[in-house]
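Paired with chain B in one complex and with chain C in the other, chain A is shared by the two complexes that follow.
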Partner chain A sequence: MPLKKKTLLKVIILGDSGVGKTSLMQQFVNGKFSHQYKATIGADFLTKELSIDDKTVTMQIWDTAGQERFQSLGVAFYRGADCCVLVYDVTNPKSFENISSWKDEFLIQANVKDPENFPFVIIGNKVDVDESKKAISQKKAQQYAINLGNLPIFQTSAKEAVNIDQAFDVIARNALQQEENEDFNTDFDDAINIQLENDNQNCAC
Partner chain B sequence: MGFPTGKVQLIYAKSKVYVHPSKNKKDNLPGYLYIYKEFPTSTNDELIFGWIPEESLDEDSDQYNALKKVDLGSNSEFFKRPSNYGNFSFSVKIKELYSIQFRPPSIGWWFGSIVLNSKNDFDALPVLFFHDDESQSTINEQERKKRNFEVFGEDNQLFWGGSMFLNEFKKYGNLVKSTLESSVYLINPNLEDLNNFSPNRTIKKNNNNKINPSNFSKFFQNARWTVLENLAKITKFTSDRITDLNDQLTEFNDPYINKILKNPEFSRINDEYGGMAKIYLAKWAMDIKEQSDRSRKLEMDDKYRDVLDRELGLNKENNIISEQDILNAHEPSRELTPQEWNSFFDSSGRLNITVTEVKNRIFHGGCNETIRNEVWLFLLEVYPWDSSAKDRKILRKTFEEDYKILKSQWKDDEEIQHDLYFKDQVQRIEKDIKRTDRDLEIYKREVQNNNEEEEEEELEIKNQNLLCLKDILLTFNRFNDKLGYVQGMTDLLSPLFYIFRDETLTFWSFVKLMDRMERNFLHDQSGIKNQIDTLNDLVQFMLPELYGHLESNHSNNFIFFFRMLLVLFKRELNWENFMKIWEIIFTNYYTSQFQIFIILAILQKNEKILINNLNEFDEFLKFFNDLSINYQENFDILDLLTRSELLFLKFRSMIDIIDINTLDGELSPISDNLRLLLNKDIIIQRETKRVIG
Partner chain C sequence: MLSKDKKSPSMPNIRWQRFNMNNTSLPILPNNKIINDNKLKSNNQDQFKFKDQPHLSHLNNDNNGDIINNNNSSLSIPNSISNQISIASSLNYSNLSVIDLYGAQEDDVPSEQDQDQDQDQDLDGDIVDDEGYVHVSEQLHPHIVKKSSNIDPSSRLIKDHRNQIPIINNDNILKSDRDRYGFKKSNNFISESDYNQWWISYSQHLIRRKKKWNTLILKNGLSLNKDNPKRFPPKSEKLKRYIRKGIPSEWRGNAWWYFAKGSEVLQEGFYDKLIESSIDLMNKDVEIINRDLNRTFPDNIYFKKIEKDDADNNDDDEPEMIQQLRRVLVAFSIYQPSIGYCQSMNFIAGLLLIFLDEERAFWMLVIITKRLLPGLHEINLEGVSIHQGVLMLALRDYLPSIFEKFLKINLIDDEDENIQSISNYEFLNRLPPVMLTTSSWFMSIFIGILPIETTLRVWDCLFAEDSCFLFKTSIAIFKLIEPKLLMNGIDEMEIFTTIQNSPKYLLDSNKIFDLIFKRGEFWNKLTQDDIERCKKFVYNQRKQKNHYKDNNKDSSNLKFNRNLLNDKLWNEDLYGFKKNIGVLQWNKKLSERMKLNLKKNFTKS
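== the complex of A and B ==
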């Protein structure tokens, strides 16, 4: 009797260098923040067990390097992703402008089946900084998220653990939905295959 | 009261007990281990013990259902006597068994197993592997123990399927633990059997043995080795088998393993029995191997050579490498001392020995940290090897002047300062500098424990040394303006500044280092991909079994070595160790790409662990990324370097042999990538045009 497979949700975090991708992941998984994180080289992941309603799932969160040229490696890491998190830094307008290119880049690299419906979540990080240093208003960001396809958006602080759990709860739910849709699609494909095989058997060769 | 006609009474069953007929996982055969009573009058030693593969059982047959029920807790069921004709299936009376060895999950062995020895020499019984993660009864028991907070089985040993079986088996026979080898139980032994395993005999044997006990640690003085030899005789194991067993010598009753078992982390992971535990166990196995290798090596330095010989298949018979090569490789590692270094130069400050001799010396031991600020200038060829002290003095002056000019090209040019690309690069550099080696004293935040100051730091760098790094990188960004600044360069620069503590010298040595490293940072990633491809070819060539394992798990793209290649192990090793590795790489003593052989050595050292435990891309990646944690402390750098060197030497001889046997005009099986590994000139690949990002 095979064991029922645990649900694994694969989440990819993308965004410009220094927006706080590693910090977000560390705060969510380990509940800590450090000033000593180093620039991420290559990619790494952490996992965390979560309960969504009655279901226990394992979330696997992938943290990648932010510099653009390293994204061509992405293809090895993005495969099988269930949700993609796009992060910008509220004090850095450029990182905000780049959100849509990160989204496009992901869709190209991950070779997603149904790009229109693939779940993305936007996070504006570092809201703990002084109001005067914020370059992107919440309103502007929200409008932008609507334009990008009604994407959920959160304003977080990885440093002070603001809104982290709320954001990751939505990420998890979206990822779970995506995973279940995929399962359904796979079953559907199998049904077709069986049909074809039967046809082959019927032919007199 | 008799049994129903044609039926026997099944009293024990264990599901998902496997036979592994080959190293290939695809061949693994799941089955049931069982004990049944043939007649109501059967005595305990007449009970039948056996194994039957699942494939011989019809689903929903009485036989299958009985096995399932008893596995899940039913006391007994009547069923048809299982056939003995299936693949590897067997059944023996308990009295025909001589001994059982219990091998809990351990180093590189994800599955625990039992080795059965029949009294009849002709019966070769298969080794049975307990796949605990699949066997429902083991899972249930594990759950029960977890609920009762009993993580470990008896004797504080790790709980596994075999310990359940052992407890059951004890009901039917007199099991006597061998006093010498605690994992072996003799079944209903007679006096003579006990004598075979007595300590007296062991000591006598040891003296006749060519292995001198004084070479062994206490570990071996326990005579485990002899026991294994005895076992080998009894069971007609091949010498390969002994090698395998040797790998498992670290049993759970060793102090350091007990220490690990007591680690709360272990029980925590045990609780999260899902996916991650596997990686943890693999790492754990590696850690143990590391520790046991070390403890063994303390007292068996010359034995160590033999181990490497065996692991690498380097022996005198096949003559792949000469004895002298091995001896050189095992010269005790000794740092180049300041006195020695000074003695290499004559009164005019010119080298009085050959460059190869100097490099040979540095390659085998690295250099003392106090002279790195001189030695590295030569290794990086900032100073020519044939220069005199006077030449260097003049050069030094030119360096100062040139650097000043280069720096002023951006610092004193307002137009550039307003250039969008330049401003972008400044941001990138500042962002990365702020998070480079901040744990080092010279790069620490000036003010600690003051939130306001810390906030300021987020916006503006204050540490003078970091500001120095920033100026160097901005100057380099202008100096090599097609390449510019790319993430990862701060990791290469910071150790140079740490050594020289001088802006000018650091800049010029960084320029030289970047000659070698530029190909890692190209926009199209072609240089780093080429190294990954080379590694791919090399692993295929040198470690075909491991390569096959990675390939069949779609993990042969070797992307998990990206970080090690990009910044030369800086993130994986501690400060002293990566510096040593850097200076050894910088010698180009055998090849300008020694980093590839270091990675090969890491793979070779962990080959068994990887093959036996891991089979997903994610798992491989995590394993190699987390080496950074395992390699920070207690890291045996001598082992890694010796292994890398021996692998290189073996590689070179293999190429020679192939070349000799390749006829003129015939296409060589050696790829260009591999052949390039024999080259000592650094590979310089330049960015062709400036690309943003």
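== the complex of A and C ==
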């Protein structure tokens, strides 16, 4: 019987280049903001221990490169994700339009079993900017999130730490839920697997 | 709810065979010195033909018709220069101890005797003169923020960039919070006191090396040119060793330019034309370039955004370096549309600009993307996967335990029912997730991965020894962290963290360089030839399987245009394989090497 494992939640942050993915992750994990983040190449990740309703979990957050071409590298680590965060910049309409592309891309690459119910969370970042610079209204964004499958959406500022904890709380809860569903399936798969391994058909000698 | 009907649901069988004799074109990495690859030198040159840039022919309308679209002119060393080289090198040739091109692989680490010899030379009192070796107390960062017009090429004077790297002055460095290149000494991984402590001893190494370089230059009858040499000695074992121990930073710009054969590619005036044609250009590349300018070296004094009140955030306030960076990247994106702009090139161009003037930085970027790391930054990044595949092959041969570990944390769940029919090289097609981390090692050429001083030494060797050096560096890093990676019970996350963070502590570049060249370690025998073979092998494996995949997967609803370039993707030219690889002949030789390899491994265990 499997022992109680450390619960690990894998979260992937996607979105166009420069929308603030690194800043969001840093603000959430380290509670700070800097103007000095460099463009992310490949992917970086940070982890944070959280407790959700008395349960301690480790959240592993993957921060990805936003340039489109990096998508071709992303395949491998999307798999096994428990939640995907789609980020746009409220001052950049293009980044907003691309949200659904990122979602599709993720679903295809991550090969999720039940795409309809996979947890996504949308984040509109940089709400600290001057109102005049905002290109996407909150209302429009909310409607959009509903159309995309009633996804939770947050307006955040990584710079001023607005709504970050709230957003990540929902991310964590949804990821945990997903992980628990997945776990159930995986345990069952393992059992089948043992039988196969005992079967010496695949011996390499 | 349960996937009962899925027959073989998980765990691909990873009982791969380490040395598979069946696959005739499997490249085997060197374990012994058998092949001498001094052909390489000429090969590089042959292959470094610029494909014409037909889309730019409109720029080629006046004066010398040979500015572009003329392979010959860009291939040959201008007569004047080659004459000078041969005259210069004939002057004092007898002083060179070993004359052998890079093929010879003896004694990468100098023997003590060698070192003694070097020492003697230093004691030849008159060699190190005031001109070549001075400690001037000067302002640490002499020209920060100079203004110049954004686009007028005529204002873009070729500056003597060497001045940007101040001569070693311990007092200044120790007092400042920045290093000689304008970077912050401390970061999340290294404290200022760590830095200072290291610097006190490392600066002694630098001073010693500089003396030796001065001697080497003079003994070859070359000019120190007021501590700004433009020409360097011909290739030799000794020179290679000197480069491996670090080129003096004050000379790096010129030395890189020289060793990378910059003058062979430079087309006078062409860069200025590119800039002119880029005025007011707005496209996707330019947009991302603009976004990345301030995300390149935000903590570097030359690149740092000028902090001002938000209200009048004006482009005119941009540091000169940011403007140069924009021009170089935009010009490149026009010059090489199959690459355009790829994130990570901002770091490469940025570092070049610290050491070279704008025009030469541009051409160096061309050399890096075209000759040294072909295909790596192309739109689909297939070149990245090819390089990472080669790294996997190298790990398999040199650090097999790490390789196995990576395979084990490879994809668990698998939709591919044909996994059994796919050979043991599936890992080349679906690279383990850790490769995502190491892909940035190559794409950024270790900028931001290794501490700057260590990075610069890797760059020295890259230009002199080609991309095989990046693989050697990568393997040495893995060797250093091997004990950690192989710890019992280490989980995937800790593996990632280790790979991601460990290199950032490698302040002491000698530590890793000693390991790269450690006697008895096979990877220091890795030649560029081996790398080219492996690249070709990986390319073929991936090509085969991707065609298979493309036919089986409906990717029609992908909005991203990743697949649009598929036809171009499998074009060998893109990856610049540097020679025709005669598989049959090659395998004969390699089977011997392989036997040795097996024997060695056998006796080891």
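We take it that the second predicted complex is superposed on the first by the 183 of 205 C-alpha atoms of A that agree within 3 Å, B and C clash if a C-alpha of one lies under 4 Å from a C-alpha of the other, contacts with A are read in each partner's own complex, and residues count from 1 in each chain.
FYI, a contact is a pair of C-beta atoms (placed from the backbone, for glycine too) under 8 Å apart; a residue touches a chain by one contact, two chains touch by 3 or more.
Since this is a predicted model, take the numbers as computed values, not measurements.
Visitor: So in the superposed three-chain picture, is A:Glu160 touching just chain B, just chain C, both, or none of them (first/second/both/neither)?
Guide: neither
Visitor: Looking only at contacts as defined up top, I'd like to know whether chain B or chain C touches more of chain A.
Guide: C
Visitor: Taking the superposition on A as described, I'd like to know which of chain B and chain C A:Glu49 touches: first, second, both or neither.
Guide: In the superposed model, A:Glu49 contacts chain B only, not chain C.
Visitor: Examine A:Ser17 and indicate which partner it touches, taking first as chain B and second as chain C; both and neither are also allowed.
Guide: Both partners, chain B and chain C.
Visitor: Between chain B (first) and chain C (second), which does A:Glu180 come into contact with in this model arrangement: first, second, both, or neither?
Guide: neither
Visitor: Would you check which partner chain A:Asp104 touches, where first means chain B only, second means chain C only, and both and neither mean what they say?
Guide: second
Visitor: Just chain B (first), just chain C (second), both, or neither: which does A:Leu73 touch?
Guide: Touch status of A:Leu73: both partners.
Visitor: Both chain B and chain C contact which residues of chain A?
Guide: The answer is residues 8, 17-18, 35-39, 41-45, 47, 58, 60, 65-70, 72-73, 76-77 of chain A.
Visitor: What residues on chain A touch chain C, complex-wise?
Guide: 8, 17-18, 35-45, 47, 58, 60, 65-77, 79-80, 100-101, 104-105, 108, 111, 113, 185-186, 188-190, 192-193, 196-197, 202-204
Visitor: Mind listing the chain C positions that touch chain A in their complex?
Guide: 1-3, 6, 8-11, 13, 15-17, 288, 291-292, 294-299, 305, 342-344, 346-347, 379-382, 384-385, 410-413, 415, 420, 430-433, 435-437, 439-440, 443-444, 448, 493, 496-497, 500, 555, 557-562
Visitor: In the complex of these two chains, what residues of chain B are touching chain A?
Guide: Per the stated touch rule, the residues are 133-134, 136, 139, 272, 274-276, 428, 431-432, 435-436, 438-439, 445, 454-455, 458-459, 486-488, 490-491, 521, 523-525, 557, 559-560, 562-563, 566-567, 571, 617-618, 621-622, 625, 691, 693.
Visitor: Applying the document's contact rule, which stretches of chain A touch chain B when the two form their complex?
Guide: It is residues 1-3, 6, 8, 17-18, 35-39, 41-45, 47, 49, 58, 60, 65-70, 72-73, 76-77, 129-130, 133 of chain A that touch chain B.
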